[in-house]
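Two complexes follow with chain A in common, the first pairing it with chain B and the second with chain C.
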Partner chain A sequence: MHGFANPARFLRIARWLMPLCMGIGVVAATLALYWGLFRAPPERLQGETVRIVFLHVPAAWLGMAGWMGIAAASFTELVWRHPLAGIAARGCAVPGAVFTAVCLITGSLWGRPAWGTWWVWDGRLTSMLVLLFLYFGWMALSQASEASAGGHTRAPAIFGLVGAVNIPIIHYSVIWWNSQHQPPSITMGKSAMDGAFLWPLLAATLGFTLIFAGVVLARMRAILADQQAEARLRRKAMSEAAF
Partner chain B sequence: MAVKAKHQRLVLLLVALVVLIGAGLLAAWALRNQASYFYVPNEIVADPPAPDRAVRLGGMVEKGSLKTEADGVTIAFIVEDGKARVPVTFQGIVPSLFVEGSGVVAEGRMGKDGTFVADNLLAKHDENYVPREMQEMTAAQADRVVAETQ
Partner chain C sequence: MREAMDAWTFVIASYAIGVGATLAMIAWSLISMKRAEARRDKARGQR
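Here is the complex of A and B:
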């Protein structure tokens, strides 16, 4: 754990891990989407519209996983003050928000043919929309605290932990409350989804997760490079001022 | 000394997390009725809403209950949840997933005669995803395939 917190060692690992995640992720996601969109059979009731599941479910998972990443990094930041933790949280925010938005958009496009409506205010849809707004709020707070003196990351870390309360609410919203959205098809070791849909869905989830990991690593490298460049500029300005 | 501060933060944060999760669960528990998107037939029958109040009724469309009335545009069916049954009428276009034996959410009002008059129907699909070809199998064949996937 402490070993990974060293930025120099992190950069050495990220240099080869990032393209590896991206490469395998793009290949897996492309193959899985081809499988799901062109090879999987139409569903009994929904027909062809079922195919949107292969984008919707990975996006939903990564929207939630992104915030779980922010929460885990925030916890590490608050307890151990690792220099990389705040950077990891910032790396998760944008891809997490993008996947949450993709989940909401594909869900809306799916809802029209399947349910007969673009949007309803049921527990699942509302809590997922709240997650998107939490991402926006977190990014604004993170930027504001970075701009303030010393680049404090304490406030976004606390926000990241408090916001994590929404994640179990999203997950259990369809179990606790009657909702328009279906209950989960895949639970611990069980699937109400036939293999013809399940396997391409799992492949797409794996592929998009690897892409997500690659994007987070790339963003962390960019943030570290930014900080190094800024520190170098500051040193230069100081030494010039000394003359 | 540094180790101590670190442990103190860890304990403090864990306590804060437990309190936070507890508060979240309590709030969700308090919301458990209010946050439901619709009433099920059992709730409608046990405690009928005022006739003019807009409510949503959700449940399964009872098999064999769907029929078109004499005027040719009104459909009538029964929504059930295994405990109670509520007759529903509706005029308009139904979503393509609206079929007998499947889930439905009806928006409308309870009529005085105990019939729910719907203004809008939303189909609700369940967690089961089955390829179309399997529909043509016999029930035993399909059950075997489903058993294999589980």
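Here is the complex of A and C:
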């Protein structure tokens, strides 16, 4: 892992990996959404609204995966002081927050025809909303600590680790508490879903995951380039001040 | 009394928001990356 600690080596890999992830991701997600929208049959009880699953589930997974990425990067930063870990955490924040918001909005749009309500304050929905607020808080803290401490990211790293407590709460909320939300349809090695829905769902999840990875790499490249430009301009200003 | 709702309205709204947000995020990440790398290259040139 420390082999990737070198920003130059990271950039060499990211330059070809980022467009590859985005390209394959966009193609896979487009095909999967087309399949889900026009080829998959309507569900017996939910009718046409079941098609929302092909967006809602990948968005929910990536909302949680984004925070798991922040937590893993925070741990790496605190323990090994990996120079790219803080940048990776910042790279995960915006796509994670966007997918969390998409999950909440599509869930609400699904809830209205399925449950007869846009929103209920049950465990799953509330913990997902908490995740969105955690993202907002993390982004504000990260920006504030960068501005005040010259890129020192210890406080956001601790916040990233503490906030990870919410991930198992989201996952188990439908098991621990009575919920309007259905229990998980897909568990390790098992699926309660018919293949007509499962395959496009897996394809959409793969496609959106690759898009997520591509966006994280693009964000990391942007943050790294910003830091390098700042450092150069600062050095230039100091050398000019010395003369 | 059961409310009459067109399921497709909810499906299309979900897809419009989900796909729109994803495309906007891709465009923003690529544009901000290009701008940052151009800024770094310009700073490299100013010696």
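Note that the second predicted complex is superposed on the first by the 243 of 243 C-alpha atoms of A that agree within 3 Å, B and C clash if a C-alpha of one lies under 4 Å from a C-alpha of the other, contacts with A are read in each partner's own complex, and residues count from 1 in each chain.
Rule of thumb we're sticking to: contacts are C-beta pairs under 8 Å (C-beta built on N, C-alpha and C of every residue); 3 or more make two chains touch, one makes a residue touch a chain.
Computed from a predicted structure; not experimentally measured.
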Tell me the contact category for A:Asp194 with respect to chain B and chain C: first, second, both or neither. first
Give one of first, second, both or neither to describe whether A:Pro113 is in contact with chain B, with chain C, with both, or with none. both
First, second, both or neither for A:Leu55, with chain B first and chain C second: second
Given the touch rule stated above, what does A:Gly137 touch, chain B (first), chain C (second), both, or neither? neither
Once chain A of both complexes is superposed, is A:Pro41 in touch with chain B (first), chain C (second), both, or neither? first
Just chain B (first), just chain C (second), both, or neither: which does A:Gly23 touch? neither
Should A:Leu233 be classified as contacting the first partner (chain B), the second (chain C), both, or neither? second
Residues on chain A lying within both footprints (that of chain B and that of chain C): 47, 113, 116
Spell out the residues on chain B that touch chain A in their complex, using ranges where they run on. 6, 9-10, 13, 16-17, 20-21, 23-24, 28, 31-32, 35-40, 58, 94-99, 102, 105, 120-135, 145-146, 149-150
Chain A-facing residues of chain C, complex: 3, 5, 7-8, 10-11, 13-15, 17-19, 21-22, 25-26, 29-30, 32-33, 35-37, 39-40, 42-44, 46-47
Chain A residues touching chain C - in the complex, by the definition given at the top: 22, 26, 29, 33, 37, 47-49, 51-52, 55-56, 59, 94-95, 98, 101-102, 105-106, 109-110, 112-113, 116, 208, 211, 214-215, 218-219, 221-223, 225-226, 228-229, 232-233, 236
For the complex, give me every residue of chain A touching chain B. 40-47, 50, 53, 75, 78-80, 113-117, 120-123, 161-162, 165, 168-169, 172-173, 176-180, 182-185, 190-198
